[in-house]
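Structures for review follow.
The two complexes that follow have subunit A in common; it is paired with subunit B in the first and with subunit C in the second.
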Partner chain A sequence: MILGLVNAPQARRLRLGVLLSWPMLSLLGLGGIPFILLLRISVAPHDPNGMWMPGVTLHAYGALAEPELLGALFDSVEMAVIVGAISVGLGFPLTYLITRMRRRLQVVWLVFLLATLSLSDVLIAFSWQVMLSKRIGLSNIFVALGLMSAPESLTPSSGAVIACLVYLVLPFTVLTLFPVLSRLNYDLIEAARTLGASPWRAFASVVVPLTKGPAMIAFVMAMVLTVGTYVPPLVLGRPQHWPMAVLIGSTALAGHDLPGASAMSMLLLAATVLLAIGAAQAARTRLRKS
Partner chain B sequence: MTDRNLPGSHSNQSGKGRTSRRAVLRGAGIAAAALSMPFIRPVHAADRSLKVATFGGYFEHMFAEHIYPAFAKATGIAVQSIEQPEGAQFMFQLNEANKAGAPPMDICCCDPVQVLRGRAQNLWRGFDPARIPNFSQLSSKFQASQPAFDNIAAMSWYMTFVINPDELKPAPESWAVLWDEHPNAWGIESGSVSPILEIAATIHFGGIDLLSTQEGIDKVIGKIAELKGNVKLWWQDEGTMQTALVNDEVAGGTYMHDTAMVMIKNGTPVRSIFPKEGAVENTNFWCQPSASTKIDEALEFLNFSCTPEAQELIARFVGSAPVIDRGKLNLTDQEFTAVSSDGPSIQTATQARYQFTDYIERQFTKMVTS
Partner chain C sequence: MKIIGRIVFLTLLGIFLAAPLVVVAGVSFNGTQRMNFPPQNVSLIWYEAFFNDPAWMSAFSLSLTVASLAALASVSIAFPIAYSIWKYQSRTALLLESIARISFLLPSIVLSITFLVFWSWLGHVGRIEDTILSHAVVFVALPLATIGLGFRSVDLSLVEAARTMGAREGDVLRTVVRPIVLPYVFSDC
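Take a look at the complex of A and B:
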């Protein structure tokens, strides 16, 4: 009825608008409403018996200045940057290799990487705990190879947490880089090689500039996926390096302090947004320069 | 009209074709109904039912397999077993559901702090003592008078000194061994729920009374901080500690006696030790959300739970310690020592844990992460 009153291009625009508005609305609903609730709870007075009390206070935000919370925030960010860098550092050559394989092998690799995504992070963290243990862990293989004198436990340690997180994030990195690297024009590399560039030189001066943008996106995604991680640091890490998410969990679930945990979540969220914006900005500046 | 859009249906088929397919479906429906008929209980039995929630996993399976059938046999009331989560989220969810008039269970299993929290929120229904005559069978400490008669002791469980005998020789007799020179040896539960608070208070300050003030809590946490060099694993999830015990990652630590007994049954060479000062005793209580309408059935269940027969079944199959004195129970020495001990026990500092939850959690986190 309404469409009958407007002309054809307007009607098309209107239809398109209606079609496109529902993902926008659902995004607002699914992301916006929980965010507003979190914000509301973070400024509510703490209720030792229930969730929170009516009223407004900034008490929970005042408590954020504690050194152990700022330390945990720093640990979250540091861990995210390290895991992001390693996963791109490993994921890039891996994806490059996969794209150079036969079609059938490529499919096998992609299916394998996709399949690891179906495992729960709880299961993966426990598997790493067993794999790094003294009794049946990796160190026994090192002993058999003569690299170590006696088996020892490799957890809890930051290395264990980072290894587990890289395992969790790597498939995302590869799947992000795969479309770009598989569409790469290899004639350009061959041209560089014909003109006398070494393989490394050809890679550095042709492949890297062409794929910088997507590599940065993969890096930012790996960081964002890592910054809120909970289970691997809890199972494999030392308390001194527990990231913010672990402290949020214990504040809410064991400490029964939802406003405190919500304020901590807002801080982590702000840090994540700043981190993502910073990385994107850095990528843009670099791209403009190159 | 109805089946035109179904995948695999053919809209150009004749009416006869559709009718015959419907006939097949109708036939299948009748057959299914006929097949399921023997399992339909008489209406009055379906009316007499109760939803009971316990902590998930092995615990809940054992209740569903051994305890509820015995109750159903004794009373004719069928129990639907529900898994309930642990931690704060359970209370948050239950409170909201109860306010909405639809609690997911008629009876739930609470730790003593949850009993107090629920009471402060008017979450629990008060019981009529006259309707639970077996209440007098419980051990005297579970009959102590309270501000409200809204909970009934269900079962107890102990946090013991669980060790790997190959890694720790000789086996410890006292909790004081935790503070001896054993670098990177222990797995200790972390956070405000940890029994290490009561253990440290008992070993170093003569009892749990010190935990009733913030200054006292600071002192106790200061003593726990001395353990940091000895603790390899500050665990929050029991699965982490279990994996660590199975893989020789830790020589020992604080762990649940009942879970350790299941591990031993499954072939893991651990030992669960009741130290001379006592293991830390925790008790779970049955509570009824006030919006549950199954009042009579709930009272019958609570009365059943207070019988020696029910407590014997709980000891034998669930692996929890009975809340009735040993003299009234028909348990062999082996059955009793598998779940409990005649020695002293360290009581949980319930009031302190209720009053200072967030303070203890904050101070503990500060200590452990620094």
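Take a look at the complex of A and C:
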């Protein structure tokens, strides 16, 4: 009975140590170490016939100032903001309507959304390519409706990339917003209405303050997912508007330039963090005003 | 008026979400090599071709292997964290949880490059274990969220009741906590 001699806090620590050793090992070993390595490689000299060489240089960071790269960074950020805004703009009313449905319909919608969530981005990008193609695509429907004179291919275009990304991101948005909106106390809205508030005013003064935080989380998550996607812009976008993600991929895989790709990753990461902080800040100042 | 607007909105979104699936499924039943929708000469020849081609089949089974092993590994990392948070309110576990969340929130391309650099540094590039472990770690946040939800839905008064009636820690886990949490664990796999 050795365990019997150990006092309570020690036993707790022992148990936690056993429980958490594997999670800690895997998360730090496969999360922390690789990230530190990424930082290290981003300041290593490029080795054309291998991966990188020992030594320290800021060459890869200097190369980031090229107009082509800054343009791609701008494209990434722009795409993220647009997709984030559309996803929350559609996802918020959709989630609201789902929470007010009958139980059974709710389940149907949620299962449907989970089903689209389980598809890989490669498959989704391919189906959008098929749907927007000249032969069988959407343009044929537009021609039938008299909106277009002849069928044409709608890819590559920024619109195609945005449509595909909204498709990818929307289920995440709904699942983030669902818990909050389904727990929303509708008596409060009722009360505001009884006190003479218009529906719009009731929404603005009751629903918005209660859901602003989660809505902002959904928006930031949509932006992060968008910034990181590689396949949809590659398949559906114009090469001159390829975002950072595609350039990072080609630098690492086709160009065999790991220091360059690492430095570009750090830049994209910094931009993403700034975007997230900016969005959180904006939500907070708005909250203080209202 | 309002109801019509609501129905139109939901229908349009429903079409938007269903269209890619319908189109791809439809095209796959074409009898010829051209992309037609609706399909012409409906047949299953492409499915036959798929299941008879060893290269496609091995890629397919590889995908399934990676997916199921990564899911298992992911749950094996997430479960102890969720349990330690629920049972001991452990601060280390909370810290691990936030690390998992952050790694899920990194742009996926940055993660891919990070792992590419890491595995090539180990001289281990291009192995299937790499893919499995990398996926497992990146996606830990998902099972962590659902299993955490499962533990939180365990009514503490049930645990209390079991203890009052003389159940030991192991019995409580087996009889009360397990049936409630297990569905959440499976939903992740």
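Here are a few things to note about the model shown:
By our rule, the second predicted complex is superposed on the first by the 254 of 290 C-alpha atoms of A that agree within 3 Å, B and C clash if a C-alpha of one lies under 4 Å from a C-alpha of the other, contacts with A are read in each partner's own complex, and residues count from 1 in each chain.
Keep this in mind: a contact is a pair of C-beta atoms (placed from the backbone, for glycine too) under 8 Å apart; a residue touches a chain by one contact, two chains touch by 3 or more.
In this text the structure is predicted, and so the values were computed from the model without any measurement.
Contact with subunit C, but none with subunit B, is seen for A:124 once the two complexes are overlaid on the shared chain. By the touch criterion defined above, A:37 reaches subunit C but does not reach subunit B.
Using the contact criterion defined above for the overlaid structures, shared-chain residue A:51 touches subunit B and also reaches subunit C.
When the two structures are aligned on the shared chain, A:265 is found in touch with subunit C, with no touch to subunit B. After overlaying the two complexes on the shared chain, residue contacts for A:8 are found with neither subunit B nor subunit C. Contact with subunit B, but none with subunit C, is seen for A:68 once the two complexes are overlaid on the shared chain. If you count the residues of subunit A touched by subunit B and by subunit C, you find the higher number for C. By the touch criterion defined above, A:252 reaches both subunit B and subunit C.
Shared-chain residue A:136: touches subunit B and subunit C both. Comparing the two interfaces of subunit A, the one with subunit B and the one with subunit C have residues 51, 126, 130, 133, 135-136, 252, 258 in common. For subunit A in complex with subunit B, the residues that touch the partner chain are 46, 48-51, 66, 68, 71-72, 126, 129-130, 133-137, 153, 155-156, 234-235, 239-240, 242, 247, 250-258, 260. Residue ranges of subunit A in contact with subunit C, taken from their complex: 12, 15-16, 19-20, 22-24, 26-28, 30-35, 37-38, 41, 51, 90, 93-94, 97, 112-113, 116, 119, 123-124, 126-128, 130-131, 133, 135-136, 167, 170, 221, 224-225, 227-230, 244-245, 248-249, 252, 258, 261-262, 265, 268-269, 272, 276.
Residues of subunit B touching subunit A in their complex: 87-89, 91-92, 95, 117, 120-121, 190-193, 232-234, 236-237, 239-240, 243-244, 246-249, 354-355, 357-358, 360-362, 365-366, 368-370.
Subunit C makes touch with subunit A in their complex at residues 6, 9-10, 13-14, 16-21, 23-24, 27, 34-37, 73, 76-78, 80-81, 83-84, 88, 90, 92-93, 96, 99-100, 103, 105-118, 120-121, 133-134, 136-137, 140.
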